[in-house]
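Structure incoming, see below.
Just so it is clear, A, B, C, D and E label the chains in written order, and each chain counts residues from 1 on its own.
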Amino acid sequence: MSKEKKQAELIREISGANPLKCMKCGKCSATCPAYAEMDIKPHQFVSYVANEDIEALVQSKSLWKCLSCFACVERCPRDVQPGKLIDAARQVVVRQRGENYLKADEIPELLDPELPQQLLVSAFRRYRR
Amino acid sequence: MYKIAKENLTALFRLIAGAQELYLPVKTAEQVNFGVWSEDAEVDLDTLKSVKSPKDAFFPQSENLYTCRKDGKKISIEPEALKEQNFVIFGMKACDVRGVEVLDKVFLADPIDTFYAARRDHGTIVAMACHEPEESCFCKVFGIDCAEPAADVATWMVSDQLYWKPLTEKGEALTKTVESVLEAADDADEKKVEEEQSAIRGIVEKLPYSNLSLEGWNGDVLTEKFDSALWEELYKPCLACGTCTFVCPTCQCYDIKDYDTGHGVQRYRCWDSCMYSDFTMMAHGNNRTSQMQRFRQRFMHKLVYFPANNDGMYSCVGCGRCVEKCPAALNIVKVIKAFEKQGGEKA
Amino acid sequence: MQRIGVFVCHCGSNIAATVDVKKVAEMALLEPGVVHAEDYQYMCSEAGQEKIIEAIREKNLTGVVVCSCSPRMHETTFRKAAEKAGLNPYMVEIANIREHCSWIHKDMEEATKKAVILTRAAIAKVNLNTPLKPGESRVTKRALVIGGGIAGIQTALDIADAGYEVDIVEREPSIGGRMSQLDKTFPTLDCSACILTPKMVEASAHEKINIYTYSEVEKVSGFVGDFTVDIRKKARYVDMDKCTGCGVCQEKCPSKKAPSEFNRGLNTRSAIYTPFAQAIPNVPVIDTNSCIKFKTGKCGVCSKVCQAGAIDYTQKDEIVSQKYGAIVVATGFDTIKLDNYDEYAYSQSKDVITSLELERIMNAAGPTKGHLERLSDGKAPKEMVFIQCVGSRCADDRGKPYCSKICCMYTAKHAMLIRDKYPDVNVTVFYIDVRTPGKNFDEFYRRAVEQYGVNYIKGQVGKVIPQPNGKLLVQGSDLLDNRQILKEADMVVLATAIEPNEGVRKIATMLTASIDTNNFLTEAHAKLRPVESPTAGIFLSGVCQGPKDIPETVAQAGAAAVKAIGLLAKDKLLTNPCTAQSDELLCNGCSTCANVCPYGAISYEEKEINDHGIRETRRIAVVNSALCQGCGACTVTCPSGAMDLQGFSNRQILAEVDAICR
Amino acid sequence: MSIEAKEEFRPKIVAFCCNWCSYAGADLAGSSRLGYPADVKIIRVPCSCRVNPMFILRAFEKGADGVIMCGCHPGDCHYSTGNYYARRRMTLLFSMLDYIGVENGRTRVEWVSAAEGVKFSTTMNEFVEKIHSLGKNVRLGDLRCRN
Amino acid sequence: MQELIKRAKELLENGTVARVLGWKAGDLPYNPEPAYFDSTESLADFVYNGFCGANLSKYMIEASKLEGKTLVCLKPCDTYSFNQLLKEHRIDRDKAYVIGVGCKGKLDIERIRKMGIKGIEQISGAEMEDEADTLTVSTIYGEKSCKYADAMLERCHVCKGKEHQVYDELIGESKETKDADRFAEVARIETMTPEEKFAFFQKELSKCIRCNACRNVCPACSCRKCVFDSNKFDSAQKANVDSFEEKMFHIIRAFHVAGRCTDCGECSRVCPQGIPLHLFNRKFIKDIDEFYGEYQAGMDINAQSPLTDFTFDDVEPGIVGERG
């Protein structure tokens, strides 16, 4: 198995989403608040995973522009959940760097002191499922 | 005669079981029945009667006769192997030993039942005198002395000693193999056994059924008994279950059936009861169509037909299990008494 | 002992590619009773059937096992073939080695092994089969059509024209259904009312058709050819015989605030009302929820103004019980609720509407008298946005997984009509796919784009945001240009998914007709029996079976009618011989079986019995085989095993179990 | 359990399917090519209410490792009420089997409609997996039927 | 008892009944047998005491076929069985004259034997006139005594109550005997692990000798021909070749009487091997009560039996696993 194939599989596994369900309706892109800043748009992101073109995704700006607001996840009519795919891709990158697991005592360091508490709490809530 | 202390019995059992299978009264879920001895079996020699008689050591409730196998269109038949290993059955009572004699008359007469014969050949009976006979016992009526069982080995439990007396060659042979745990008994011991025997006999005299009379059952009474109007009344509470038959030491009827295992067919035999509505059911139907007839059959067989064919030997041994276990409180004693009473009235 | 022939079908490569059919035949020969086994390319073909017939004749077969596709497919075929050869058709059993074997397993060895076992089970069963003879039952020459929309009307007309009595039961006060709410129809742009009303009139005037409006099916019992149906005629509070349909009551009614169901709640109606002007029957009903008389006891205006004296406040619901030979379900559809699609702001803005609401707005008899205007402020829109696939093709439970089929075409129709009538209005359609299979459909859609300049954008809308200025900000994506679109619109029209009408599940349950997870009634076979329910005597017409447009609905309505006519034309029906039977020697007469029989097929009689020489009068169960449908509930509830089911007897099923577990 | 041992054990599984819903659902699984292990063998019965507890015990007697019964969804029975009776019977039977110490997962009831090919297939896959996890049935069978 | 005999004589004499179905004194202190009495003289042997545990309602099936009415003596618990048989059309109410007899709990000779009491000659304290506190047993091996309650049948400790569900008249006093929870033992087994449950039942059922006493005494098992005696299911079996057969027999038997079993306890009373067979029936009763609402067979003759009834929202069979 090629590296990209493995990565694509990993993304599918982590996200639990199936990019093949996508009907290319574009509702994710239509919904996305960070659309303008993305080089690979959310709906394209799905086809990149489906086509196993992971290197491009890993190099993309989009990966870090996604706000994880999960509007696309909520509204996707096909349950493809692009937001989770993007998040999974991020995780793959993080794992590649050998930072597979985050230890609890590392978290405070990583946090921006300006970060509103509520965002943190809601992020945990969202990522939990 | 030999003796062994009660607390050393386990050593005796272990020794016997080391060389051959050992059956003896074992308590499982509150009930005592004969079973195979093992280290963790709860041996119970105090309970007078096992629920089931020990007859299934020689005539199991069910046993395979042969197996048919099918391979493609070819069919092969494998007969079941006969018992080849020696075994000991320990703790049988005098009545049960007589029960085996009754079975012998049936299964060892021509044509010999090879399965039964093999088990008889390989089995050694160690009998035990009845320390405290109970009110349901009536072995005396059939001339059985429960103080002196006639087996390969007779034993007596007197307080904390078991006295051991080989009576036959088989008994002697068994004794040889266990001599290491036995002690020779002296005159004082002999005396103790005699005392125990007379105590037992004394109790037997006091038992309510001991003076039951079989007069009226011997001789040419078949038609008279068969046609009696009493049966019509006696059978009424009978539930047509097989309890009496299955606990009885002498009932010997069996059915032969086939079982499809999926890989072949096993032909096996299993105990049957003349009380069952489908007993001796044949293609044309049943030759005894009413429960009265079936009820009558059982007692006529025990008290009339069997003695007529076996030199007057009744096929009841007075163990009293049916007296204790019948769900409707019917039993052979009540039947005998009813006829006696009727005879009395007539006279 | 039976003489059984086993016939293994290759089904081309459908079976033979994964199952070693030769091996199956070879192994079958080793089973008890099997005297013949062969395999063939297509057992269901003429030549294949001929092989079975030949073998039965030549080898005096008493039983046949066909290893092939599902018995639901060809059991009848093979049973008929056996009958031709003089064998009782019920001596044939099918081993399903296609759907249950070759199609689901990939490994040849494994599939073959399983096929052998399935065949073995079928052989074991046939060994215990006995010849069965079907009974006969009568056919009531009358049909019931549930639903008075275009599907129901067309079915009723076709059945009635063939000379049979038909009753239509319609829940609403008038027949006409969804089609009566439409303005124009694609692709010809006919006026919907103009083509529907004549049909409604024809139905109401037909001497063989009896219409129950404002009525519902209450209870169904019986079976094919002999259904008994209770119909609840809801109280109208207006005497149908006396009312002249003058309409004065509706004019004078002081309570006019009830939302109009017909106009999708876009305007109001009076408490006493007919849904629309051309209603049939043209007799109003009183809506007791909004009627002042019913709410307060005072008023009674309608009664005073009615010259015919038709108003009767004391009317009660009435139950009519009627017998039918066939029942056609034509319960139609509704649009789904949009509660779960808040992103489209349907509940937030009056200017976000469904397509069906647009139909009413465009209609001359509608709430705006046919003028296109915003419902919020009555202004004429300049920018209109249509959103496709709202709730359709949706994988989660917010919407429906299926394509609603009609939306692409009616949206093109709406866009075209608007551009035609109001050329200054810009129309944008957001779509995922445009689906136009159908005669003149794609041409129609292209005209909307090319001739009328409708702006079609490939991409969905993510969000509609009502603006303070009253406009609607539509945020969508254009996938082909790869950009996000923000567009201000005056009106947004949602092509809302359709779903079977509420209550169809209840009706399906009463009819014991099967229904799928989307509440569409299931057809007996997706391809070969599309207008019949698997339950004999129940037929399907229109959208209750699946989304379809008007011409398809009418075509299916006709097809359902023909199927019903085919049934009604028979004088007698052969009944399934697989019915329960009680062994009178074993029966206790305890009545337990009768307690579970859904058909009331079991009764008891005192009978003189000869039980192996014992003669006595016993109470025993007797099964009426014309009523028994063969479910087998009684067989399990019977403690003594006296009750058994022919064709699925205890011993047959146990033999199958044994054969499988071997 | 090692992987090899798992591969060796091929459970025997009997599935009773009602003619109108579940058997058709199984057919649909077939025509949709939705696979499940070949260990499952289907017996067609007219209705789930035709399934006698005796049939289920018989399957175990003769060596089945699992028995599953499928019928129309409650309310959708072709015979109106059959599956309601079946539901009570099976609930009690399964409870009794559990009571005497037969592993609970060996029996199952699932309602599968004619349209639920996917459900049929996933149910069978799940059930086979469950039986694999339970291993060979040793508590409810006749010794004579074992190889 | 004397009142009962007096009344029976009256009814025989005035022709109301043609016979009396009761118990006849046995030849041992504890073995009275069910019996018919068709003359006033024969009633001399009539007995009704603590050892009259037999449920006579099943005998009414045969008695219903006879000419004239049968006076049948039914204890409170027997009346449930009588009702259930009526419901199933197995007996004829018009052929029965039911005298509801009082009950102070019935005695179990096996329990007395288990206390080590043997060689029994006489037992006093078991008569209906007695207080039912103590039994005095004179034996060949000396006099013994025990508490009446300790010698009672298991079923009397979980008595359904001393009210007769059906009767023409009542004679005799009763005494409450319930001192235990009917479902406690079932509940205890339910909490065992599967291994423990299996071991428990395996041990108990291994004693079964397939004598059919439980079946033949059971008022619900009144089939003309039992499935285990007929070849309809290929299930005719007499043998206990393998432990499976006992499980099959007892599960199916319990299933066949589920919803019909009144929990009269006769099966456990008659089992020669002392198998607590009521644990099967009570399991079904407990489940039925929990799943479908409380139901007592034989109480309301018009109530729909739980297995021939349903509700749309009954629990799914999966509940068994979920309950844990």
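One rule holds in what follows: a residue touches a chain if its C-beta (ideal position, glycine included) is under 8 Å from a C-beta of that chain, and two chains touch if they have at least 3 such contacts.
Since we're looking at a predicted model, the values are computed, not measured.
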item: Any chain that touches chain C and chain B; value: D, E
item: Most remote chain, CA-based centroid, reference being chain C; value: B
item: Selected interface, D-E versus C-E, where C-beta contact pairs are more numerous; value: D-E
item: Chain whose mean Cα position lies farthest from chain D; value: B
item: Innermost chain, taking as reference the mean of every protein Cα atom displayed; value: D
item: Chain A-chain C separation of Cα centroids, rounded to whole Å; value: 43
item: Gap in Å, rounded to a whole number, between the CA centres of chain B and chain A; value: 82
item: Inter-chain centre distance, chain A versus chain D - centres from mean C-alpha coordinates, in Å; value: 41
item: Whole-Å separation of chain centres (CA-atom averages), chain C against chain D; value: 29
item: Where chain B touches two or more other chains at once, by residue number; value: 259, 262-263
item: Sites on chain A at which at least two other chains make contact; value: none
item: Residues of chain C engaged with two or more neighbouring chains; value: 596, 637, 650, 654, 658, 661-662
item: Chain pairs in mutual contact under the definition given at the outset; value: A-C, B-C, B-D, B-E, C-D, C-E, D-E
item: Touch list for chain C against partner chain D, complex; value: 70-73, 96, 98-101, 103-107, 110-111, 113-114, 117-118, 121, 505, 508-509, 512, 514-517, 522, 534-535, 578, 596, 598, 629-633, 635-637, 645, 648, 650, 653-654, 656-658, 660-662
item: Chain E - residues contacting chain D, complex; value: 186, 189-190, 192, 194-202, 227, 233, 235, 241-245, 247-248, 251-252, 254-255, 258, 280, 283-284, 287-288, 291-292, 306-312, 314-321
item: Contact set on chain E toward chain B in their complex; value: 26-28, 31-36, 54, 59, 109, 114, 118-121, 139-141, 203-204, 206-207, 209-213, 215-217, 225, 229, 236-241, 266, 269-270, 272-275
item: Contact set on chain C toward chain B in their complex; value: 30, 612-614, 658, 661-662
item: Of all residues in chain B, those that touch chain C in their complex; value: 72-73, 260, 262-263, 285-286, 289-290
